[in-house]
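What follows is a set of structures to go through.
In the two complexes below, chain A is the common chain; its partner is chain B in one and chain C in the other.
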Partner chain A sequence: MTQFYTRMGDGKRVTLTKEQILNDIQAGMADAADMAGVPDLTANDIEMLFEIISNKNRIVGVEPGNEVIVSYDIGQLDFTGDNGNSGNGVDVGRMEAALLHERALGADTFELAHADYSIKPVKPVIACEMQAMEEIQNEIVIPYFYGAMPNAGLYYAPDGPYGNPADLMREFRIEEAMKAAELTAEHLAKDIEYVAPKLVAAGADGFNFDTTASAGDADFVGTLYGVEALRKACPETYIMLGMAGESVMGIHGSIEYRGEAVAGKYPHQQVKMAEKAGANVFGPVVNTNTSKSLAWNMARSVTFVKECVKAASIPCHVNMGMGVGGIPMWETAPIDAVTRCNKAMVEVAKVDGV
Partner chain B sequence: MAVSHFMASGMGGIRSAGDLVARMQFSKNMKNDKAKEYVAKKLGLSTIEIADEHIMRELREELKIGVVTGVPGAPRGIAAKMNIERLIDTKINSCEIFRGLTKR
Partner chain C sequence: MADNKKALHDAVIAYKVDGIKEAVDNARKAGMPAGEIIDAMGDGMTEVGILFERGKLFLPHVLSAAQGMKSAMEVLGPELKDSGDASTKRASVVMGTVEGDVHDIGKSICSTMLQCAGFDVHDLGRDVAKSAFINEIKGGCTMCGMSALMTTTMTVQRDVIEILKAEGMRDKVIVMVGGAPVTQAYADKIGADLYGETASETTSKAKAISK
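Right, the complex of A and B next:
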């Protein structure tokens, strides 16, 4: 029986038969469809996914004419960061990193980022960030954003002023935990309102809110209200809102955005909230299960994202780093897996960018 | 990661017309196919041609909208973006600020 080289979700090489791959595609798809209440993929989609996975070439790509936008998060930290950010540890300047992405790496957009890549630590160095933005805008051509994670975790003890919901809940202090999350959401929205318009005033094409809701539902709500404030202050700025996972964690449980609880929302529901807040582009995220195959993870991710794209009135740029979008959770993500997931997202899920 | 994605499906930024398509997605909420059609029409090309480096390399230099190689005298940065504003009929924030700074 023919065996096809493929990968596990941790990146390890395995060989699977056609039947095993098709079974994994069906199972991954069913997992997503069941979790989010979204439709299964079509028979044609499943056939396309099998063809992509079983392609014998080392890398695959989309057909000419199907190209999409490659937008970025993390900014120059992909060069300068440590391995916590999968960075190269090369202490190159922010201007040089931006121009190298533009002129050597084929980037369609790029962004400026603080070393801590979060909204809160930008506040004390806002003038430095504005100055860097002004200088780089003089040289760069592609849309150049400022990017940061909302990162509500930095507002909780021991790093921030509010009690840590995880600690409080462990002590059954549920109401205090919920109050801490609510105060954090308000604080985060105010910080976004302080930071983001200043970067736009310095020339940024827009703002990228990356890994939104990494600290759960209050993180998402704070970000959405922050996006609203930015849209009001800067009606024409570009706003990209990318998520942290396929489902919003209910750390608070019932905190709402415009009368609707956000906990447990899936990509096709998250995008409607991002639209309402004023985002121009939404970045759905689906995390990888390292114990499952590439076929399982790819089918699961495509099922979530296809419905998100269908529901969206704005473009969707799916997150496709190591450990998201079907791509194995491995620091040096194998290029056979990366390009296969990329092609599947573009030609089956029909994303507008990656 | 960046190179893998660019090779698999990316427009390639200023190697082709990726920056222009991105600007239409972000400024007008256009989905990818509409944004590509819009840019193709403005450039008098097809949607396949605007992602073709062989066509776009010379056209970008001729239109003075920025190229990937170091060409002395060719506009880049704000100057190239001012030409992009006119070409695809959009406002670019850094150009607006630059104009504001140079007003007497």
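Right, the complex of A and C next:
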């Protein structure tokens, strides 16, 4: 029986038969469809996924004409960060990193980022960030944004002024925990309103909110209200809103954005909230299960994202990298898996960008 | 008895403290042993954990269910002691995010789930020194759960295991590891006893291994 080289979600090389791959595609798809209440993939989609997985070439690509926008997050940190921080340990300046992405790496957009890549720590160095933005904008041609994670975790103890919901809840102080989350959402929105328009004023073509909702539903609500404030302050600016996972974690459980609870929302529902807040682009994220195969993870991710794209009125740039989008959790993501997952997202889920 | 088991299970999933208390009262009146009542509620909590991870229930709901269980245990605990049935007692677990790493949401959810499952959880928080894990184990914890969100900090999990070996304590403790970059293969490589992909999987495996 023919065996096809493929991978597990932790990057391990394995060989599977056609039947095993198809079973995993079905199972991954079914998991996503069940969780999010979205339709299964079509028979044609499943066939395409199998062809992508079983392709004998190490690297695959989209067909000519199907190319999409490639935007980047994390700014210069993909050079300067260490391997654990999605970087390569190459110490270059922010200007050099921006120009290398534009002129050597084919980036369609790029961004300036603070070393901590979070909204809150930008506040005390906002003038430095504005200066850097202005200087780099004088040299770069491609759209150049400012990027940061909302990272509401920094507002909870011990980093911030509000009680840590996880700690409070373990002591059954549930109402206090929920109140702390609500105050955090308000604080985060105010910080976004403070930071983001200043960077736009310094020349940023837009703002990228990355890994939104990593600290749960209050993180998402704070970001959405922050996006609203930025849209009001800067009607023409370009706003990207990317997520942290396929489901919004209910740390609060019932905190609402414009009358609708956000906990447990899936990509096709998240995107509608991003639109309402005023985002121009939405970045769906689906986390990889390291114990399942590439086929399982790819099918699951595509099932979530296909419905998101269908529901969206704005472009969707899916997050693809280590441990997301079906790609294995591996420091240097295997190129065979990276290209396969990207092809599947573009040609099956029909994303507008990566 | 089967009806009572189902009622207890369903009451926990409905996560209302009063509902759980009522189901426990009914089960006791029907003569159900304390150990069986606790087991039925424990099964309900396992399902609550799964529903949480599938985005159907949220953290306050999980804790509300746990609060109901805690209230029930205040009544059932003494009965359990009197009957000499210690089958539902679980291990003491030291939990923490390893030193150098400040990401603790996943670890905190895992601690909560373990607490709900009846473990005695000593959650040391985040950026926890290796020595702090060791001290808790010396103090009586028989399970040790370490979380890491970064590839640069996951190596501390291995360091703690090596210290346990060097101090001749490795056989006395069940080591659990988890966190975004951690995989079953890595857990096997560093000699951990248990890897959890999710909080509910960790709890299920911890329950199974601690029996």
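The definition used in the following text is that the second predicted complex is superposed on the first by the 354 of 354 C-alpha atoms of A that agree within 3 Å, B and C clash if a C-alpha of one lies under 4 Å from a C-alpha of the other, contacts with A are read in each partner's own complex, and residues count from 1 in each chain.
The working rule: a contact is a pair of C-beta atoms (placed from the backbone, for glycine too) under 8 Å apart; a residue touches a chain by one contact, two chains touch by 3 or more.
Computed from a prediction, not measured in an experiment: that's the story for all the values here.
J.: Based on the shared chain A superposition, would you classify chain B and chain C as clashing or fitting together?
T.: fit
J.: In the superposed arrangement, does chain B or chain C reach more residues of chain A?
T.: Higher number of touched chain A residues: B.
J.: Return, as a multiple of 10 degrees, the angle whose vertex is the Cα centre of chain A and whose sides reach the Cα centres of chain B and chain C.
T.: Vertex chain A, arms to chain B and chain C: 170 degrees.
J.: Give one of first, second, both or neither to describe whether A:A263 is in contact with chain B, with chain C, with both, or with none.
T.: It touches chain C, and chain B stays clear.
J.: Per the contact definition in the header, classify A:D82: touching chain B only (first), chain C only (second), both, or neither.
T.: The answer is second: A:D82 touches chain C but not chain B.
J.: Should A:S291 be classified as contacting the first partner (chain B), the second (chain C), both, or neither?
T.: second
J.: May I ask you to decide whether A:N342 touches chain B, chain C, both, or neither, giving the answer as first, second, both or neither?
T.: first
J.: After lining up the shared chain so the two structures overlap, which partner does A:T237 touch, if you call chain B first and chain C second: first, second, both or neither?
T.: The answer is first: A:T237 touches chain B but not chain C.
J.: Between chain B and chain C, what minimal C-alpha to C-alpha distance in angstrom results from the superposition?
T.: Minimum over all C-alpha pairs of chain B and chain C: 17 Å.
J.: Looking at the complex, which residues from chain A come into contact with chain C?
T.: Of all residues in chain A, those touching chain C are 9-10, 12, 35, 82-85, 153, 158-159, 164-167, 169-170, 172, 174, 177-178, 214-217, 247-254, 263-264, 266, 289-291, 323, 329, 331.
J.: Would you tell me which residues of chain C are touching chain A in their complex?
T.: 52, 54-61, 63-64, 66-67, 70, 102-105, 108-109, 111-112, 115, 121, 123, 125, 150-153, 180-181, 183-186, 197
J.: Quick one: in the complex, what on chain B touches chain A?
T.: Contacts found on chain B: 1-16, 18-19, 21-23, 25-27, 29-32, 35, 47-48, 51-52, 65-66, 68-69, 76-78, 80-81, 84, 91-94, 97-98.
J.: For chain A, which residues are in contact with chain B within the complex?
T.: Interface residues on the chain A side: 59-62, 64-72, 78, 86, 101-109, 137-144, 200-206, 236-238, 240, 280-281, 313-315, 320-322, 333, 335, 338-339, 342-343, 346, 351-354.
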